[in-house]
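Shared chain: chain A. Partners: chain B in the first complex, chain C in the second.
Coming up: the complex of A and B.
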């Protein structure tokens, strides 16, 4: 499998999720969490950058071109990361399920025969350890009271089909295995990559606006 | 939410200094936020996170009889230094 086929879906997931999470900057439940969650969003975009760079090394061009110069239809991100989720319970449900799926994906990339990919996966994994801890803490916190538990449960059930679409084949089986404690519906059909949510287009407009409006050859 | 006070050490062996404070739902969130606010930029080699409730403050210092010899401003050091210098040089 080419680097582009292997890494672009992952890089696009990280970029888009970073963007979606950054929408909480300034309006998170409290100030301390605002800073922490914004930082996680930044890290995800940082991971996307490093992954785009590996792909660019193979294809030619730059990480920026891959991140911003494709049309919305060319992005390979899963529907899960495209969703605009202005509710904190939905956001935590996505954050948690994404981190579990991402852990499985990164574990598999660490065993890649391409040393550059295995090396980057190991680096990302070390940073993701804090994201996982953060996601687990919030999950436990929201499961702790009756009202927040009901909201989180509803959110997990809503998010679950698109979360499944993050991984396929054997990795998806592992994902189901590792989320068994949450008692999510085992028969759920995944919303697969390539099935657009309609929310990507709007995000793409915003995400690429500055770059598209800059005169050709502008240097930053 | 509880308030936590954070002390940071800039280099190994140096004294810890008060860095600031924040609110967190519990001790684990406090650790997460402390790392984020006071450790992410490599500005600290160690942090102490202390619940503010664990701090015993003392804010009153009684000196009814004005015993200024207990205080640093009770002596005129200038005068004593001048005398000592004079003794040495003579």
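Coming up: the complex of A and C.
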């Protein structure tokens, strides 16, 4: 498999989720979460940048061109990361399920025969350890009271079909396995990559606005 | 004639853009310096991939090397070779003096939430172990926030990576 086929879906997921997570900056339920979600967003976008760089090393061009110069239809991100989720329970449900899926995906890339991919995956994994802890902490917190547990359960059920679309084949089986404790519907049909949510276009407009409006040769 | 030693000395004068008490050499982000006549190649590993100081560090290194009269080439290495274990003993002491608790050594597995929630971390101001986790995340990707119950000071803890 080419680097582009292997890494672009992952890089696009990280970039888009980074943008979605950054939408909590300033309006999260409390200040500590403004800081946490901003930091997680920054890390995800950093991972996207490094992954785009590996793809650009193979295809030519730059990481920025891959991140911002494609049309919305050319992105390979899963529908899960495209969703605008203004509800905190939905956001935590996505955060938790994404981290579980991402762990499985990164574990698999750490075994890649391409040393550059394996090396980068190992580095990403170390940073993700902190995201996982954060997600686990929130899951525990929201499962602790009746009201929050009911809201989280409902959110997990809503998010689950799109979350399944993050992985396919054997990795998806592993994902079902590792989320068994959450008692999610085993018969759920995944919302697959390539199925656009309609929310990508709007995000793309915002995400690429500066780059599209900057004069040629602008440096930052 | 530029030597590798001169380059290391010059790089040791560049402060970390976000934690200026410590230099890039103390931080352990410079993996290799190779001098070939007038060309200097530096292998540089970012701390965190999303660190916004990456470009600033790279440009600062290139400028210092150019000032030595050599032609700089800075290679950013995107693998797992940087760890907080690479921060030098002097670097750790400088961090502590600046009120930033140095990172715990890297363990065999990834860090666990229970560990962060334990009292294993020392307050950089009073040395007490009566500290608790306030936030896994802090003002930059590499720090978390803790609170010391002994001297009643919040402080920043360098994350282990």
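One rule holds in what follows: the second predicted complex is superposed on the first by the 220 of 220 C-alpha atoms of A that agree within 3 Å, B and C clash if a C-alpha of one lies under 4 Å from a C-alpha of the other, contacts with A are read in each partner's own complex, and residues count from 1 in each chain.
Note that in this section a contact is a pair of C-beta atoms (placed from the backbone, for glycine too) under 8 Å apart; a residue touches a chain by one contact, two chains touch by 3 or more.
Computed from a predicted model, the values in this text were never measured in an experiment.
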| item | value |
| --- | --- |
| Combined model on chain A where chain B meets chain C, clash or fit | clash |
| Chain B versus chain C as contact partner of A:129, first or second or both or neither | second |
| Which of chain B and chain C A:35 touches, first, second, both or neither | both |
| Which superposed partner A:137 touches (first chain B, second chain C, both, neither) | both |
| Which partner, chain B or chain C, touches more chain A residues | C |
| Partner chain in contact with A:208 - chain B first, chain C second, else both or neither | neither |
| Partner chain in contact with A:119 - chain B first, chain C second, else both or neither | second |
| When the two complexes are fitted on chain A, the stretch of chain B hitting chain C, from 24-32, 60-68 or 78-86 | 24-32 |
| Chain B and chain C footprints on chain A, overlapping residues | 32, 35-36, 39, 130, 133-134, 137 |
| Parts of chain A lying in touch with chain C, wherever the complex brings them together | 32, 35-36, 38-40, 42-47, 49-50, 53-54, 116, 119-120, 122-127, 129-130, 132-134, 136-137 |
| Residues of chain A touching chain B in the complex | 30-32, 35-36, 39, 130, 133-134, 137, 141 |
| Chain B residues touching chain A - in the complex, by the definition given at the top | 1, 22-25, 28-29, 32-33, 35-37, 40 |
| Chain C residues touching chain A - in the complex, by the definition given at the top | 48-52, 78-82, 110-113, 116, 134-141, 144-145, 159, 161 |
